[in-house]
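Paired with chain B in one complex and with chain C in the other, chain A is shared by the two complexes that follow.
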Partner chain A sequence: MSVVVSLAERRVTAAPAEPLLAIEDLHVAIGPSGRAAPVIEGMNLEIRRSEIVALVGESGSGKSLTALSATRLLPRAAEITRGRIRFDGEDVLAMGPRALDGLRGNRIGMIFQQPQAMLDPTCRVGDQVAESLRLHRGLSREAAGARVVELFREVGIPAPEARARDFPYAFSGGMAQRVMIAAALSADPDLLIADEPTTALDVTVQAQILRLLHEQCRQRRMSLLLISHDLGIVAALADRVAVMYAGRVIEEGPARAILSAPRHPYTRALVECSLLKRDAGGRLVALPGSAISARELSHGCRFQPRCAIAAQSAHNHDCCSSEPALACCHGSHKARCWAVKPEPEEAQQ
Partner chain B sequence: MWHFALRRGTVLLLTLFVVSVVAFLIPYIGEGDPALLVLRARIADPNVDPATLEAMRRQLGLDRPLAIQYLAWLGDALRGDFGLSFIRRAPVGDMLGGALLVSITLALSALLLALLVSAPLGTLAAMRPGGRADTAATLLTQTLIAIPEYWMAPMGILIFALWLGWLPSAGWDGPASLVLPALVLALRPLAYFTRIIRAAMIDVLDAPYITAARSRGLGMTQTVMRHGLRNGAMPVITLFALWLAGLLGGSVVVEVIFAIPGMGRLIYEAVINKDIPVLQAGFVAIVALAVVINTLVDLAYLAINPALRHSHGA
Partner chain C sequence: MSLQPATAFLDARDMVKTYPAPGWLTRGRRVNSVDHVSLSIAKGEVLGLVGESGCGKSTVARLLVRMDRADSGLIRIGGTEIGGLAGADLQALRRKVQLVFQDPFGALDPRMRLGESLEAPLHAHGIGDRGQRQAIALDMLREVGLDQSFYDRLPRECSGGQLQRVVIARALILKPELLVCDEPTSALDASLRSQVLNLLIDLKRRFGLTLLMISHDLRVVRELCDRIAVMYLGEIVELAPAAELFANPRHPYTRALIAASMLDNPDLSAAGVALRGEPPSPLNPPSGCRFHGRCPQAVALCAQSHPAFDPAAGHAARCHFT
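== the complex of A and B ==
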């Protein structure tokens, strides 16, 4: 009972208007201090309560580093050089180690790409899932063990009592990801960060895991930051989509708008790729070139080297000389492109 | 699991068989006539009377076929009877038992001491590579590896026995006399353990499951204790076993300097004096112990890594 009450209290602490997680002007650099190269430059992202936000982009665009920044779990070589991260009104970048441990697992749960590698091979999975419960809810070994079995049942692991006593080698990728989800949900977090949760899984298992994530979010009224390189997979689930390119958001807006009317040429290419569109010659449409990292960029639009619009249109000069701002195109739909003009009704407002 | 035990047991027996044959043949190495060796050890005269030699051959049973001799020797050896020492005229089994006990005590004390210091030191160094603890650990291990025991031991005696008078300078008489030799013996394994623990823990701490544990809210220390140490333990166990097997054969320098009646001194003296029965028994005992230690290491691997347990048909 006390758990439920404290949860209820927790959820009303912040003013309703304030986003649960707010990342502002985030800069992350990798490398030895002094010679560090920027990989995220001026990243902005907001997640409201009970909202599902998909963060999409090619590998190397900075999605995972953005996620790890939110709980300050960046690898040793990476460092936040500038920006603000607020979670439920609290400044995450100002938190000490104790406060961060109280944030991780407790208020922000995380799951990752390679579920099997995320489990300690020498430790029974039940004991690993129980860690958050014992740590954040102060449950005894027995109570935590019983709760783990319940959680396993909730996330669809068959024979939960027996499986809790198994070691990670006995789990397939899909089952291991269910274990990770059980662990991430165990302390009833307000936000779940799922970093490419289905990338390493079979297609059929992918769908199951995504459905499970969706169900759990709706049931628990939990926010979800869903990170993926595949726009098609996540957009169906998400309320809002943010597309990242070379360390910045280049388009964001309601999921339906992004999918049906993408404004940025990069997003448009992503949509086409995910729909497996074919060109006039019957070949699959592919985006030419490869993603650049933030460090390779000096000036101009980050996407300009691969952009068909920049190559053909009169915008060419702008595209090469300075980077466009994230401009409103319709309601909350924004894109970072010189070719994007605000919709007429928006302009009048 | 049973399959594994059976296979290991077979390997163990085969190894011991080969070792026993080699040990049995030791007297035939060199001059080739054990009777001559025995007589030379007993009488100073280099010119041996042929009749005496023949009598000695019969007395020792050397006129029987080699295979029969081997089986007789093996039967005695299995009962712990390796005959009498040429020099001390005492049963070799008793001499060896005493010396082994001394060496095992010394080796285990030294290695456990080394592990006790190197585990936290190496882990601390691994948590911040290039940090202050890491630099200090590197400096310390480099120094310890470079300084030989024959310098360390006299310095220890000088400081702790002669100047401070805290510990006995030599001998084997109670726990106090164990401290200084164990300390000196621990320094080099301590350095090597620290290095391998540092390397293993750097790998382990970069593993995804460590990030996952941190994402559940486990602090760094808790994460290392719960998920780091076990995973980093494999190479440490291997190195520990190698050192243990090595030190059981005795550590001649330390045993001689501290006048400790261990395996190192026993075998050293047996080699100098051509005390064949002692050499035979010592050889068999050391190899047998090494094989046993290796088996224990494999069992330890199984205990640590459940996936291995699975693949061995548990």
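== the complex of A and C ==
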């Protein structure tokens, strides 16, 4: 762990002040106009150069839509209704089709949960990766083919020359994800967005893929936005963690602080769930109920219906009537909860 | 009956299942999905079966509930040999043994109200009249912690965790004695995983269930199981009481799995080091010990001779070095 952390810290301190990706006050709604329901409301997220940021939350919390907004790849039913997205100083929301083509693939690479579904079953795997090299980089067929073999070697695919000529059915889930990573890296992007990259994989392969992502980010000084519902998986990889609930960030901060001293009751429950902690009665700690989406919301804190603190504490009135702001609790560690008080004297560790 | 221990509710010996290999290049060849696997589960026991995808653990589940027939081997459930069952006897087995799948969205008909789905097994077995079936279904919904409004809901109106509760309710509605859960929580978020696991623990106690828990996630089986069997390429490579397996794993594959599941301290630099590559194809299983190609301790002997395994031992491991 110590090696990983020290490298991570060096990366952060060397980064310039201007973030690579800045999402400000993003609002996204889904549905026909007039009856569109909000799914993301007031989302803020910054990713600095060569930083690994994990975006964590339950399904439906809006983490994938946030990532898709950054590349303007939202499904047709969804629409950005407000907010600003800047990538390397440029306004993404004002970009035309040409500029977007340059952004997607070239500057922002993406990988997803189901690697097999991303590959055309009727084309050789190497040709599919080469296609993006020829499109984005203008390489010749031969040069692209040679580059694919190099990339396959870099992402740890054994016998890369032979594997490049195979069809997707011959690839296991883990190997297919390596192909997707190779394809995403082919254009040398500044930012890689990985949406649940290991959820469909076995635990043994999960660890391998996470290590590969970490290595590649370090070597290429590439930023990574890692989206996952499992805090345990992002723990060792991320510099910073943002926790999303019902369409906005409810806690963010350095990964170590979030995992060892989570402040928001939701994050605390997530940490305990992901470690399968037991309560005093010997039962696994579980969150009651299921996540609400932003559209079901009335007033007050979004987490209040499931929150143990809101149910008992003196804050009850605030929790039900108005939503807390994302307040600083220590250094860059922020939480959106009425029960969280800033603690400047808290020990650094 | 006389051959098995008096307490074994399920006793499977030497199960073998092969499937025809997919694709025209490998036409005529067969994949050994399950290769001489023996398992027993005592009444009221929870047995965990873990392994990577493709190791044959789901095939074991299919054999035990008679969704598929074993090529050879004996499977006894509650004293009855299930391989040759047909007609009414097979119907009777279905009431005793039920299965919970991984994906709740795929396990429920999207156009059927949840109540109808719940009553389908009762209907199939001719239990009760319409009113009684509805009463049983509503009762079962309560047992799994859902209110009556779910009876009239469609699957798309529910979350994955809620649907998995319905799937569990449907599996339990016939009051089975053995419940086989094939990755019951891997399609769920971490927050819902604990809910569903708690539910399974409660129901097991209340209904006196015998459980087979299949998972690729050691963290999950550790919380739930009395004994754990580790499977690799169609074979069981280690079998031990849960606490013993985690305290003293004997097979290098088990050790690697434990390291990779990042149990207590999520630390990537330790995980993944132990295990390289992915399982070889079951179409061409390696000679000797099937794990030798990925094993950090393999020596020449491992490539030549196939280690033995004694499932009757309290803690058994299929490795030359135990």
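Everything below uses one rule, namely that the second predicted complex is superposed on the first by the 328 of 349 C-alpha atoms of A that agree within 3 Å, B and C clash if a C-alpha of one lies under 4 Å from a C-alpha of the other, contacts with A are read in each partner's own complex, and residues count from 1 in each chain.
Keep in mind that, in the parts below, contacts are C-beta pairs under 8 Å (C-beta built on N, C-alpha and C of every residue); 3 or more make two chains touch, one makes a residue touch a chain.
A quick note: this is a predicted structure, and the numbers were derived from the prediction, not measured.
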| item | value |
| --- | --- |
| Partner chain in contact with A:L119 - chain B first, chain C second, else both or neither | first |
| First, second, both or neither for A:E131, with chain B first and chain C second | first |
| Partner touching more residues of chain A, whether chain B or chain C | C |
| Which superposed partner A:R86 touches (first chain B, second chain C, both, neither) | neither |
| Chain B versus chain C as contact partner of A:V203, first or second or both or neither | second |
| Touched partner set for A:H27, first chain B, second chain C, both or neither | neither |
| Touched partner set for A:H333, first chain B, second chain C, both or neither | neither |
| Common interface positions of chain A, toward chain B and toward chain C | 169 |
| Complex interface listing, chain B residues touching chain A | 206-209, 211-220, 226-227, 230-231, 304-307, 310 |
| Complex interface listing, chain A residues touching chain B | 71, 73, 75, 97-98, 101-106, 109-110, 112, 114, 117-123, 128, 131-132, 135-136, 167, 169-170, 180, 183-184, 187 |
| Footprint of chain A on chain C - complex, ascending | 23, 52-54, 159-162, 189-195, 197-198, 201, 216-220, 222-223, 256-257, 260-262, 264-269, 271-272, 275, 277-278 |
| Chain A to chain C touching residues, read off their complex | 1, 3-4, 58-60, 158, 169, 172-175, 202-208, 210-211, 214, 229-233, 235-237, 259, 269-270, 273-276, 283-288, 290-291 |
